[in-house]
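Alright, structures below, take your time with them.
Two complexes are shown next, each including chain A; its partner changes from chain B in the first to chain C in the second.
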Partner chain A sequence: MSAVAIADLSRDLARLEESVRARASELLESQQVRMVIGHKRAWNGPLAVAHFAVSPKEARKFAAGPHCTGGLAKYLLEEREKDGVVAVIARGCDALGVRRLLIDRRVDAEKVLVLGVPCAGCLDPAKLAEALGVTPAELVEVTLAAGALRVRLAGQEQAAAGPPLDKVLPPTCMACEVRMPVEVAEMLGGDLAALTALAGRPPAIDLETAEAEVTRLEELSADDRYAYWAGHFQRCLRCFACRNACPACNCRVCALDSYDPKWLGHPTEIPEQFMFHFIRAVDVAGRCVACGECERACPVGLPLMQLNRKFSKDIRTLFGVDRPHLPGEHEPLGKFEPDDPEEFM
Partner chain B sequence: MSVAKTKPEADGANAAAEWQPKIVAFCCNWCSYAGADLAGTSRLQYPPTVRIVRVPCSGRVNPRFLIRALQRGADGVLVAGCHPGDCHYSTGNYFARRRFLLARRFIEYLGLEPDRLWVKWISGSEGNKFADVVREMSAAVAKLGPNRKVREAR
Partner chain C sequence: MDATRITGASLGAARIPSGPLDKLAAAAARVAGDGALVFGPARDGSVWGWKLCEAADVPQSDLWERLVNTDVSPKELFMPRTEDIARWRDRLRNLSIAEPAAPPPVVVLGVRPCDAASFDLLDEVLIEGPFSDESYRRRRGATLLITWACGKTGPACACDAFGLAPAAAAGDLMVYPDGNELLLSALTPKGLEVLGDLTGGSTAGEALTGRVDAVAAALNAQKTAVGRRLALDDLTANAAGLTATLFSSDIWTELSPRCLSCGTCTYVCPTCYCFAINDEPRGGDGRRIRTWDSCQFKEFLSMAGGHNPRPSKVERVRQRFMHKLNYHPERYGKFLCVGCGRCIVSCPVGLHVAEVGEALSRAAAAAVSAAKGGE
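After this line comes the complex of A and B, so read on.
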């Protein structure tokens, strides 16, 4: 990416932010929608938080840019019982998340308005902190300026130049195929040449590279794989952040909350942790939209996408469904072919 | 049946020699359960390692049943249903087939032994096949030894 393109990119993002605010105000002013869900700058850190605007004045707080990380689709579940339309400022992953909720009939299509925004990727604060040699807690403000990110650290008055954005993206953003969102009601931002050109590019890493870690694990011995997963699972806090963030984890009654049958026992036991992660991964198999929200939400950094990617890889080899999360494909576990493979049956 | 009593290590010094695998079989009501019944009424000999759970259809079996069985003391899990095309509910076993193709690869990925999960199509007239499957599976699971990886410590 040339420096000129990035200079244009930061200007595009400023224009996008303005266009999001204007469109949200307009929709709320005319009462076409009851609420607009997007991101706003947080008071206490570099990353944006979800913002729920119900008045044009609140719509002035909307933000756009690489610091707007968390997924927004799942908040629609909180609003599903109420009357009126809710608009979502949707990047590609958010739009796929909304689509997942619509297919699962968890939200009503008439009550959702998806406003698409092109996305250049959302930074990974851990990677950024590592690149700068600081802890994530020391990051105060991150903006995209000409050339690269500009980062202000704790105790500093002025922001200093940081690494380029594409060096601090999480793996899911690097493998993202929907930086131009699909299945949206309208696209915001108008003519944003640099952002659109960047978002229209093929992903930085292809599917094979994204699945390289899965392939590496598959080649280990069974005991090594067990040790790898047991080591990760014993760090799990059982906070259910992965479930809460995931747009595919949307059952009316969650097995993880169930007391009868009681699927989960005490979290200090390894077999119970295997049960938890088995249930989570199996229940989103074939329905995962590859947004990476589970990993992003995990406070101890479990490689949860490696579980999800194992399923998408097997689904591809067994059933020939290439990208089950993209429009035009059926749920691979919600249908069958009479001549499916029967390797051990 | 007390879980503690069936633990191999709780049975004394010669436990290893006496240890036999414990297999939970989820048999569909319409085919495989009848097949198991036929094996019994035909007086066929097969190892007493299998505990049968009757389910309405192989499509009823959630993959998490497998982990729960292994947690609570099983060494292997057999899912048995009607042959493809013969499902009482027309399509239940086709969905189960896709599900367990993935589940078996997934437990292997988690580091468990894939051979602890067997899926077989056994019709109501295949008492012989039921006995054969239990025999083969008991031998295969006996070779793997007791399941320790996801077994509860209680």
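After this line comes the complex of A and C, so read on.
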């Protein structure tokens, strides 16, 4: 990508933000939708939070850009019983999340309008803080100018130049193959040459590299692998943030909440922690959309995407499907077919 | 607000050099009792929590210059994430029931003043109320709390918005950074014993307690970034009179949609104390255990028969913040929040006590001025 195009990126993001506000406003004004779900500036800190606009006035608060982290698709589950259409401002991962809910028949297609936005990746505050030698809480404001971040830290009046955005993305965004969202009703922002060019670049981490970490864990001895995961799982608070943030975790009744039968014991001790995380990971195997929300939501930094990637690698090995979460791909575990070759069926 | 929560009263003081704290830890362990365990802040993966320290790995004092606070609160040292209430064995109907052994004495080295104050709040509910929580009471009684005053505040800190301050006096023994030295000030007889053990019984002169007061006052004068934005006085004044208005305020439908209904805020919070009791049978044997529970979980209030009095996030989010900012102040005269800032940092969707507190305070001010206008 040329230097000129990078310089245009912040202008594109400003245009995109204006386009999101205008389109949301229009849809609400004309009552084509009853709610638009997107992001808005947070009370504090650099990251945006989910925003639910039901009036044109509230639509003016919408934001777009690399600070708009946090998945939006899952919120549709809570709107499913209500009448009327809900629009979602969808990055690629959000659009795949919505698609997940549609395939799983948890949301009616007639009640959802997916408004796509191209995405340059969403910043990882931990990585940004590390690059600047501060703690994530010290990041007050982050903006994108000419392809590099400008960061204002706690106690500072002025923002200073930070690292380039692509150096502070979470691994999930670095491996993202859907920066241009798929299966959307319309794309917002119009002609955004710089952003589109950036979003169209191949991912910085390809499938093979992403799986190298899984291979490393597979090659450990059983005892070492147990020690690795026990070390992580003993931190787990059992807060269910990973499950609740996940668009593929959309069961009507979750096995992890079930008392009868009781699949999961209540102690937060190592055997139950393994059971908890394996149930979660196995239940989304083949349906995970690789949005990384589980890992992002976790308050104690569990590397949950490693488990998800292990299962996606297994699916590739066993069924020959690389990306079961993408349109046009065969879903080996998420779909029933009468002519399933599995003989015991 | 009650100023004694900040100033405290020193029973005696001492001065030690900064650096290794193994002598202080050892003295505290001796005072705490035989077999005392010492816990200190420790990093685990990407997260700061609390770990058992062997004598050799007691942290040095510079840790508290670098670390604003741990990501996980020290409450699990008093309310373990999982604890036995009883275990039973049924060797073919020869039933025997065993209660857990008494908890060992514990020294907690270097909790921040906000966290130390959280235990005072919990004590009022779990020990001093009409019901005494036996397990919590035993653990609290066996603990010696060394509190480390904050030389600087973090960006998510909010102690001053909740009636506390960066060096609010709480716990058994306060540690104040003072140049290259540490000032120790005993707040309880246990804390005084530690000073005695450490200094060989020499009592501190008045000059030193004067210095403690001066250092504490300087540290307490720090204002936090969040505290500068938050004025919550409207919430404590006339808390009882505001309950119905705040309960039916629109802010709950405005703020709750983004909540994920996970338990992160309640589990990182030093003042949330809800728990669940479950039986975990295994064959004829089993255990009755207590684990943390969260009012934000959908199933938290599900009743036998299927009724759920808090079916949606509006009711659940309202419950958590009304409890902290209205019900508790109404009953105990103070917020059930110490402004540690953990929910501000950890909530995956940025829904925390500062934003909700501001919105609720605005609703309270509007209600008060509407009432005045109607007079």
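The rule is simple: the second predicted complex is superposed on the first by the 327 of 345 C-alpha atoms of A that agree within 3 Å, B and C clash if a C-alpha of one lies under 4 Å from a C-alpha of the other, contacts with A are read in each partner's own complex, and residues count from 1 in each chain.
What we mean here is this: a residue touches a chain if its C-beta (ideal position, glycine included) is under 8 Å from a C-beta of that chain, and two chains touch if they have at least 3 such contacts.
Model, not experiment: these values are computed from the prediction.
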Overlay on chain A: chain C relative to chain B, clash or fit: fit
First (chain B), second (chain C), both or neither touched by A:Asp224: first
Partner chain(s) touched by A:Ala245 [first = chain B, second = chain C, both, neither]: second
Touching partner for A:Leu318 - first (chain B), second (chain C), both, neither: first
First (chain B), second (chain C), both or neither touched by A:Phe62: neither
Touching partner for A:Pro338 - first (chain B), second (chain C), both, neither: first
First (chain B), second (chain C), both or neither touched by A:Gly265: both
Smallest separation of CA atoms, chain C relative to chain B, angstrom: 5
Footprint overlap on chain A, where chain B in one structure and chain C in the other make contact: 265, 269
In the complex with chain A, residue positions of chain B that touch it: 63-64, 67-68, 70-71, 84-85, 91, 94-95, 97-113, 118-121, 149-153
Of all residues in chain C, those that touch chain A in their complex: 44-47, 49, 68, 71-72, 81-82, 154-156, 225-226, 257-258, 260-264, 266-268, 276, 278, 280, 289, 291-292, 294, 297-299, 313, 341, 344-346, 348-352, 354-355, 358
Contact footprint of chain B on chain A as seen in their complex: 214, 217-218, 222-230, 255, 263, 265, 269-272, 274-275, 278-279, 281-282, 285, 307, 310-311, 314-315, 318-319, 332-333, 336, 338, 340-345
Footprint of chain C on chain A - complex, ascending: 42-45, 47, 49-52, 70, 74-75, 78, 126, 135-138, 140, 154-155, 231-232, 235, 237-241, 243-245, 257, 265-269, 296-297, 299-302
